[in-house]
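The structures considered in this document are given below.
Each of the next two complexes has chain A plus one more chain, namely chain B in the first and chain C in the second.
Up next is the complex of A and B:
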């Protein structure tokens, strides 16, 4: 490792120590590196905890197993939602923000001590909230809808966690300013950093919304405020709850571009088009939160339709642009590398044995086909009424957050461990199959929950057969619903196996992996077509071609699926309310 | 990069950076827009509607 002291003429810069990454040639600020490591490790710990609770939830909802009592089920469901939807994701996103700013821009990080203050606040907050949940009387689930009340430290923990994350966002913005001042890059920031900026902006809105609603709710829990309006709570809470998942979307799209750039040298088809797609996210993606309010009588149709069916579609347009430009940029790079035979040689000969690439591409396909299409269906006011508050909703967000974001984060870990922790991945054969195990399991969870939701199975319910009532109910779910819940349980076992493998591989690699130096730096990143690390990730520039026959076929397949599924749902709706 | 000022010749005039690129290169303008747009369309508009719901007497 080469260590150098920057001499930029500024006091902060003089004290900053860098090393030169032997694989990418980027200057890595050691203070940023330590923060990335700490946040990434914390993220993996909370993924392990939250994933374990998720498996318990799935095994309870499987009628033939029905593992937990109702009390424990709601405790596990609350812990699962908080630990994976907030803790795992946001800790990892902090690591992504520091990586995308300080490392990709070869800059010193702004105010690293504040980064540690933020990290400690996030850890304390996460532990405090988990303790409240495990004490057993804060099983209010992820949404914590009032008038259900948790213990005060449940809300206080979330507030501390959010403040810590907000500090991380401002450090990211400060690092952009420093990098520009110290001219560590020329012109515009790289696309991956721009994607991270999008995530940061959405995070600021998300955290501000959280503060608006969680601070009064905390005061209500300690008795200083007498009443919180439940509809007002729900409106503002979802500006945090759903927008926090839009941070994920922006971050994982940035990671798609990053992995494609590192592994196959992919450059964006058009910097302008991809940045415009991110701009659509910045302006409109948060508005998708309104789909949680589509059956609330207190809000007008104008508010609902503008927020979902108009503005949200602009954000969907952004996702569809990325859905085309990411595989398109891979195809362009692969064709440039000589894989030009037929329509799909570029795809067949992509580095499928590299867990980073495989995880990224699976994440891209499953996010688009499962999460994207079902998101548009849920965001359509008329169709939403069929599956609102059914298992279709968790089915949708397991496609976006688990098959999409989590798998993308897992994939990039296979680059972060050698590049930042400077360790080789141990057990490369297991690492090769891990994204497939997790991806297939996650897509099964998503599909079967959406299937059960289409049959009307309610979300967040301990049981679908009601045996404890000891009465014959006049209504029962279709037998196919039990089949769906069983298949969901099996898929959860498969995903959990992939998750355990991921945690084991990462922990073992960090603790026991062979040290990475100049001799093995590129090989440590896994199989790649050209055995070199491309610099496309840190450079502005277009691929320079639109000859992408394979991508056009994939896009055609996507639109065909989208249109068929969308109109099938309108047909279901027409059968619910026949016109005579 | 595509839109950078050309510095090949000292006498060459600086190329004007397009408006959209200047917008996209300004993180704090994007931050402002990314907070204000959803705050107005989703939160403020929604709060106004909910606050107008008559209370049961």
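Up next is the complex of A and C:
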């Protein structure tokens, strides 16, 4: 912290210490910085643990390897889902919330002590649930559908974790209020903060749903409540579970804008459009629980159709808008920097050697093409009959939450380490290939699991070969299914390698990286075209620059793929046995 | 930049570029098409799950399935002791789920329609008919009645695809589809 220009603001009784970031000129509250560090480190630790379980699961599902025993497999799968989807993602989101409020707005953070209370609750909760799972009699998967029952501390841990996260959300909101009152910025909050605000609002809603269902379930597990209806449980659980995926989307889209801004100097093409797109997420956030209940008895088709489509696909519309404006803003910025030849010079000459940029762009493409399209198909009421609970489902969400969210979070880490931990990234050559390794591995597991799912292979299933030994009525999947599972295993090894590299680079950089000061602050952010950390693009990329042929081609390609894949699936559906 | 406040304070009054508007319009229309596609399929499509569902006491469902199996049993499945049951064409067929089996085995005729009643006696299970890959969620206490019409003769597997405990992967069932007038 050699460059820390300590500045002490006396606000109320609290003395807030700031430093000035040498790369961005932002004023960084040291209390916020410590919270960001703690949450980011916890996130990475849980990614390492959960990712390890993921590899074990994938190797078990590879028939030729079939690594774990069935009991251990279900235990590992439960731990995998919890540690990555909840712990890794949410700890990291806490760091993002603090960064997007206190740091980006140059404000002091609200109630940092409460931030630590929340953090400790989350850690205690996460450990408690992990212990319950590792003890072996809570292999109920992270969804813990009733009437299957886990040990009480499984649920209690989740509740504590959620309460901790809720505290983090309120600190974020409080910080926005403080920044506004103390006028640390002018006009409206930046787009990245707006995206984080979207994530936060959705988080508050989903955590409330989570509490509504997990608290009675906890009471049921200790015997105070006699019965919980399985359908009702699922409905409320997914009101949390699916809407919370919208938190991830908002967070990673905000990060796309952030990385595009820092690495190529991109500006939103239109603040109005990008913000409206975020707003669509908020407006329709309470829908989409139906994604998980399309072949469920006891719910009407009318409800399913309206809910699954977020009221006529309006939240999907939000994502499709970001899908154009993010690459569009990159193209506009690159063209202004002089990369104007042909349709794609801006893309070819983009800083592909900068892991933050590479990870961000891969995340964008894979989230859209693999995750987005498969998600809409999966979420179509009738098409879901061909996919529900097959491996198509994990295939889809490894494209969204792994290739999309996780990769975006990894990418932004390459900026967070120099900006917040104030360390250079060690092993830049390895860092350069890390996003590619992980990205290709992650899209592999997505694609091959989707492939296996199309062939009918069940998810959460220990052995697709049904050994005649213990199965009375064996069924043989087509040999192609085993091939898919093998390719999935290979991709898992690739993704795991990328994951291990990420963890190693982050840990080594924090511990041994060269300290960042004014002399290397900008260089530490990785290679950039013409070094454009400070406003390289002077004016908006609006009407004037709206000639973005490369983006049109990309969007056109996306849209064509979408339409073709969508209708192909209706064709497949029409070949199923008629049913009413 | 996206990390700075909007450059013009009244950003909500900025004009939107035409290309952007076009894309928003196209994406919105596409959303409408996809929305109405689901409704269209309910009216003209052949594959829709029924909403014919009732609450039922698991013990009652078990009794009905037992009665059904006793009445229409045609043989036993190998030496497993599981009855193979052939309901009359156009009639009701029952299959129950319990940890860890689908019971009984059914024999249906190609081209005939059956009202298939499915429910669970204990936990949630997943009725996954293979290789045609038709998947239906099964809850305890809810009886789902789906009218199905097999289109091809063959041996079909029923796999459980909702995780239902440590024996989930051994939970299988079977449906035979025979050409009409055969089998039995």
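Please note the rule applied: the second predicted complex is superposed on the first by the 540 of 580 C-alpha atoms of A that agree within 3 Å, B and C clash if a C-alpha of one lies under 4 Å from a C-alpha of the other, contacts with A are read in each partner's own complex, and residues count from 1 in each chain.
The criterion applied here is as follows: a residue touches a chain if its C-beta (ideal position, glycine included) is under 8 Å from a C-beta of that chain, and two chains touch if they have at least 3 such contacts.
In this text the structure is predicted, and so the values were computed from the model without any measurement.
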{"item": "Which superposed partner A:46 touches (first chain B, second chain C, both, neither)", "value": "neither"}
{"item": "First (chain B), second (chain C), both or neither touched by A:231", "value": "both"}
{"item": "Which of chain B and chain C A:320 touches, first, second, both or neither", "value": "second"}
{"item": "Touched partner set for A:369, first chain B, second chain C, both or neither", "value": "neither"}
{"item": "More chain A residues in contact [chain B versus chain C]", "value": "C"}
{"item": "Touching partner for A:187 - first (chain B), second (chain C), both, neither", "value": "both"}
{"item": "Touching partner for A:298 - first (chain B), second (chain C), both, neither", "value": "both"}
{"item": "First (chain B), second (chain C), both or neither touched by A:271", "value": "both"}
{"item": "Touching partner for A:284 - first (chain B), second (chain C), both, neither", "value": "first"}
{"item": "Contacts of A:98 with chain B and chain C, given as first, second, both or neither", "value": "neither"}
{"item": "Overlap of the chain B and chain C footprints on chain A, listed as residue numbers", "value": "186-189, 229, 231, 271-272, 275, 293, 298-300, 540, 542"}
{"item": "Touching residues (chain side chain A, partner chain C) in the complex", "value": "24, 70-71, 74, 104, 139, 141, 145, 147-148, 185-192, 229-231, 257-258, 260-262, 265-273, 275, 293, 295-301, 305, 309, 312-314, 316-317, 320-321, 324-325, 328-329, 376, 380-382, 384-390, 454-456, 458-463, 466, 470-478, 535, 537, 539-540, 542-543, 546, 548, 552, 555, 559, 562-563, 566, 570, 573-574, 576-580"}
{"item": "Chain A residues touching chain B - in the complex, by the definition given at the top", "value": "173, 176, 186-189, 194, 197-198, 200-202, 204-205, 208-209, 212, 229, 231-232, 235-236, 239, 243, 271-272, 275-276, 279, 282-284, 286-287, 289-290, 293, 298-300, 303, 306-307, 311, 540-542"}
{"item": "Touching residues (chain side chain B, partner chain A) in the complex", "value": "1-4, 20-21, 23-25, 27-28, 30-31, 33-35, 37-39, 41-43, 45-47, 49-51, 53"}
{"item": "Complex interface listing, chain C residues touching chain A", "value": "1-9, 11-12, 14-20, 23-24, 26-28, 30-32, 34-35, 37-39, 41-42, 45-51, 53, 77, 80, 82, 101-102, 105, 113, 122-124, 126, 128, 130-144, 146-151, 157-166, 168-170, 172-174"}
